[in-house]
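You will see two complexes here that share chain A, one where it goes with chain B and one where it goes with chain C.
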Partner chain A sequence: MGVYMLEVVVENKSAAKDPEGETIMRELMHRNGFETVRKVRTGKYLRIEVEAENKEKAREIVFKMCNDLRIFNPVIHVCSIREADV
Partner chain B sequence: MPLLGGVEVSLAEEEIRKVREILGREPNAVEAGMIDVMWSEHCSYKSSKIVLKQLPKEGERVVVGPGYDAGVVDIGGGYVAVFKIESHNHPSALDPYNGAATGIGGIVRDILCMGARPIALLDSLRFGPLKSSHSKWLLRYVVKGIGDYGNCIGIPTVAGEIEFDESFERNCLVNVVCVGVARRDEIVLARADRPGDLVLLVGGATGRDGIHGVTFASRSLTENSEEDRPAVQVGDPFTKKLLIEATLEAIKTGFIRGLKDLGGGGLTCASSEMAYKGRRGMEIDVSKVHLRETGMTPFEIMLSESQERMLFIVDPAGIDKVTAIMDKYELQWSIIGRVIEEEEIVVKANGEIVARLPTKILADPPTINREAKKPAYLDELLKIEPPPMPSDLSLTLMNLLSSENIASKEWVYRQYDHEVGIRSVVKCGDGDAAVLRILGEDKGIAVASDCNSKHCYLDPYHGGAGAVAEACRNIVSVGAEPVAIVDCLNFGNPEKPEIFWQFKMAVQGIADMCRALSIPCVGGNVSFYNDDEVTGKAVKPSPVVVSLGVVEPLSSIVTMPFKEPGDEVLIVGETFRELGGSEYYYTIHGIEGGKPPIVRFEQERKTLEFVLEAARRGLLKAAHDCSKGGIAVSLAVMSIKSGLGADVDVAAIPAEEMRLDELLFSESHSRFIISTSNEMAEECFKLARKHHVTLSSIGRVKDDGIFLLRFKGEKSLLCKVDDIIEAWKKGFERRMGWG
Partner chain C sequence: MVKVAVLQFPGSNCDLDTLYVLRNVIKLDAELVWHREFKANVYDAVVLPGGFSYGDALRAGVIAAYSPAMKHVKEMAREGKPVLGICNGFQILVEAGILPGALVRNDTLTFICKWVYLRLENNKTVFTWKGKVGQVLAMPIAHNEGKYFNDEKGLKELYENEQVVFRYSNINGEVTPEANPNGSLDNIAGICNVERNVLGLMPHPERAAEVILSPYRTKDGLLIFEAMAEFLRGKGVATSRWS
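Right after this comes the complex of A and B.
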């Protein structure tokens, strides 16, 4: 068994709107002189340390957990998982 | 799925034949997409239209009845109340947060597009029992979605109801209500009737979201529904708040000749329905529409259900003035077309015609006469044997009070801002209905929503009638006069004759009750296909009724809690042995059948008239109707709300022959518990005789901290008030995993 660190990013599917990102771009960035910003998408970030036999297993556990606990909703979100250094 | 115009459509072969027959040609892809959407159950009401005809729509106060985005009733003094209910069941079952939030967004637009300022929200929610983590997830995020959206746009959520039952496990019901007020002369209709007027699209940019949302809502959820493209949209409450203010300001210019929101069916639905109402047509250039994504096709633009959009029909003379208002609020807008003489919808893209359809084929699709058949299981269910009498009635009451259907829903409504706007006079939990003041007047609007789906399952006719009766009882309880209803009819698949029978019977019940009370139904919504394709199970029939009343002056408002020790406690109406579908059977005995309550139409009317007059004459100190959990629960809640005890002699309750537990927990209609001072009691009896209503004194309010029900010399049920408060207040939180 080893300990693996995984980074989970949950964001709206690309076809779905992201009012929070749009508001940040319009009201904060554009209004304050950063007019070159073309798009902002917000999301949720989790860094999870998990015990597992190997990194594939670790990934499996984290994905299943995020799905079962509805940390993301496959109807509207995409959930990407990548490994990081412990 | 079959093909029409080269694209897949959700229509039956018979309907496809009809399209070709009416058009006399094969539609192209854009036209087929538009027809597909408009002929869906959601937009066309093709199965329900024939049945809905029997609802009474006329009344002295009716300004705008069914067929528009919301019902409008005159409330006197130059004011109108605008209200509407809508379902957002399918999206909420897949994405509870965004599904519920956009439900609020949609219903707010419905009120706004009549020219009224939205002032209050209500929600009627139905989920599976909370022992399931899926149900908890749905409930938590539906409530959060409603709260976040409603709170952001500054409209209070003032009332509602929640029911739990196994049948809603996979198909939750999320019905949302919005109430608005306007001056009578400010009402705008969703109509385009003057050729040459400009068509102005305002608000959110159009994207690919929600394409085919309505066809998706017009079929049952499948295992694969989660994988579909996001048919659920994401709401944007900040844009909505700007849209509300800009719209109301634009109306004041006098140049807005028609107004409609873009909801299900998007631009196709809004343009064709407005043109059809005005007996005109519309020309739309999709290349003018402001877009969120690049490369969108005319098909996608015409069908997109992107949120926060409104369609204005503007007098050309005032277009600059109106668009200047939109600019002021930093809302995007585009002039996308004009009203035309010919009764057709012409869609252009880059100068070329991409669709040309008669308005009628879109806005008035053929109806379907569906078969109805009484389900075979019903008679069996009604015949069940009564369960054994519980040995400890005090414990039974505690269990009922802490059950998810009866326990306080404070956990839910404290997540909502229910006071923003300074109109809330009677707030969540203080009365059977919420009361909102009309600013600057000594007048209020009362609203309440109701439905008992367990009763409806056993007897949809009396269940439908009962929903109207209960909603009106709730209005009268606060001292208001019910003036109109709207309904939201949630059922399974109408292609199944047993489901369609439930639907027909429920609507008939609603219609008969409305007639008996002389109250019109001014609008509503039908949601079919609330069933699970995998298990084949449909939701219990749930015709949710919202009643709106007027209370004037505000000093005649009555609330639910007991007021003072020594006050006399009375019961209005008679109790019958009607335990079928009761909370008592369901929670305590796990029984689904039995003989459910029936509505005694004439008696209901008299009872309502009596309580209303008593409230207006200032005879009532507290009032609460008897519904879920029967007399025992109604009395207990009045005690809980006041912290005061009660000493009640159950033998004094007018009733037919039955066991003590049945008497305490039967859910018969036409009953209220009221409290009054000793001096007023005699007046109450006089008034009851005048109205031919049964009234009986059953006990007194006490300050000894004890809730006591006596029967023939015995203390049959005795609880500490503190204990019933604890059971009722904590019951719900505990089930959600808190407290």
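Right after this comes the complex of A and C.
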């Protein structure tokens, strides 16, 4: 058994508006000299350390958990899982 | 006549309460000023009211902190004019770097709306010179991100420079963990800058400025506004009192 770190990012589907991201882009970035910023999407970030036999197994556990526990809402969110260094 | 600005951002919502206290209770010449129209040289003091500027996007206060109006607020702070930040106004002052530290989410992870007691720790500021150290004031809090935080070095500097102005306490003025509503470091509820003309606090003095508003029939919040008003009118105090 080893300990593996996975990063889970939950954000709105691209079809859904993200008013917070728009506000950050328009009122903070564009207004303060960063007009070249084209898009900002906010989200939730979870860094999860999990014990598992191997990398693949760890990913499987986190994938199942994200679905079973509704870490994201499939109606409105997309959820991505990626491996990170512990 | 001295003129006080109540600075409005999109999402400010304690602006009218604050204006009411300044105009009707303290009898100061005060006006609401939209952030895009705000100019430092027109006003003798500025109050940043509570609310949810820019919907708290990214972090409470951060977007307002980068608005051009804050350059004017910084200039006023530098000139020694009174600058008061209440609740979201405190968060904006902290995000703008005018006051040190950070205001983060309450330990309870809930929005807290209740009356608390504050112990006055420093009466050598523009806003508290009329009070006594150890005096207990009742005021309401209403915030989600009101937990004051600073690192060890920052906290040490706050005490060395006498910048801690209010701490959450019980009715007897004892600063206890039970009296800490949100997990603030050292029960800190309000701080000032080194020069003591800028005060930021999470509690709402404007909601505690008349007896009719208080469950205890108190008007402790008035102390802050009265001290500022008398300072502005040049009555009874000289800056040497706290410099």
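Simple rule for what comes next: the second predicted complex is superposed on the first by the 86 of 86 C-alpha atoms of A that agree within 3 Å, B and C clash if a C-alpha of one lies under 4 Å from a C-alpha of the other, contacts with A are read in each partner's own complex, and residues count from 1 in each chain.
In this text, contacts are C-beta pairs under 8 Å (C-beta built on N, C-alpha and C of every residue); 3 or more make two chains touch, one makes a residue touch a chain.
On a predicted model such as this, the values are computed, not experimentally measured, just so you know.
Undergrad: With everything superposed onto chain A, say whether chain B and chain C fit together or clash.
TA: Chain B and chain C fit side by side in the superposed model.
Undergrad: For A:L28, is the partner it touches chain B (first), chain C (second), both, or none of the two (neither)?
TA: In the superposed model, A:L28 contacts chain C only, not chain B.
Undergrad: Looking only at chain A, is it chain B or chain C that touches more of its residues?
TA: B
Undergrad: How many degrees apart are chain B and chain C as seen from chain A, counting from C-alpha centres and rounding to the nearest 10?
TA: Seen from the centre of chain A, the opening angle is 70 degrees.
Undergrad: Pick one for A:V3: touches chain B only (first), chain C only (second), both, or neither.
TA: In the superposed model, A:V3 contacts neither chain B nor chain C.
Undergrad: So in the superposed three-chain picture, is A:P19 touching just chain B, just chain C, both, or none of them (first/second/both/neither)?
TA: Both partners, chain B and chain C.
Undergrad: For the combined overlay, can you note the least CA distance between chain B and chain C, rounded to whole Å?
TA: Shortest inter-chain C-alpha distance (chain B to chain C): 7 Å.
Undergrad: For chain A, which residues belong to both interfaces, chain B and chain C?
TA: In the superposed arrangement, which is not itself an observed complex, chain A uses residues 19, 23 for both chain B and chain C.
Undergrad: Residues of chain B touching chain A in their complex?
TA: 94-95, 97-98, 137, 204, 207-209, 225-230, 232-239, 292-293, 306-307
Undergrad: Can you check the complex and tell me which residues of chain A touch chain B?
TA: Chain A reaches chain B through residues 12-13, 15-19, 22-23, 70, 73-76.
Undergrad: Give the list of chain C residues in touch with chain A in this complex.
TA: 54-55, 57-58, 62-63, 66-67
Undergrad: Quick check: in the complex, which residue numbers of chain A touch chain C?
TA: It is residues 19-20, 23-24, 27-28, 31-32, 42 of chain A that touch chain C.
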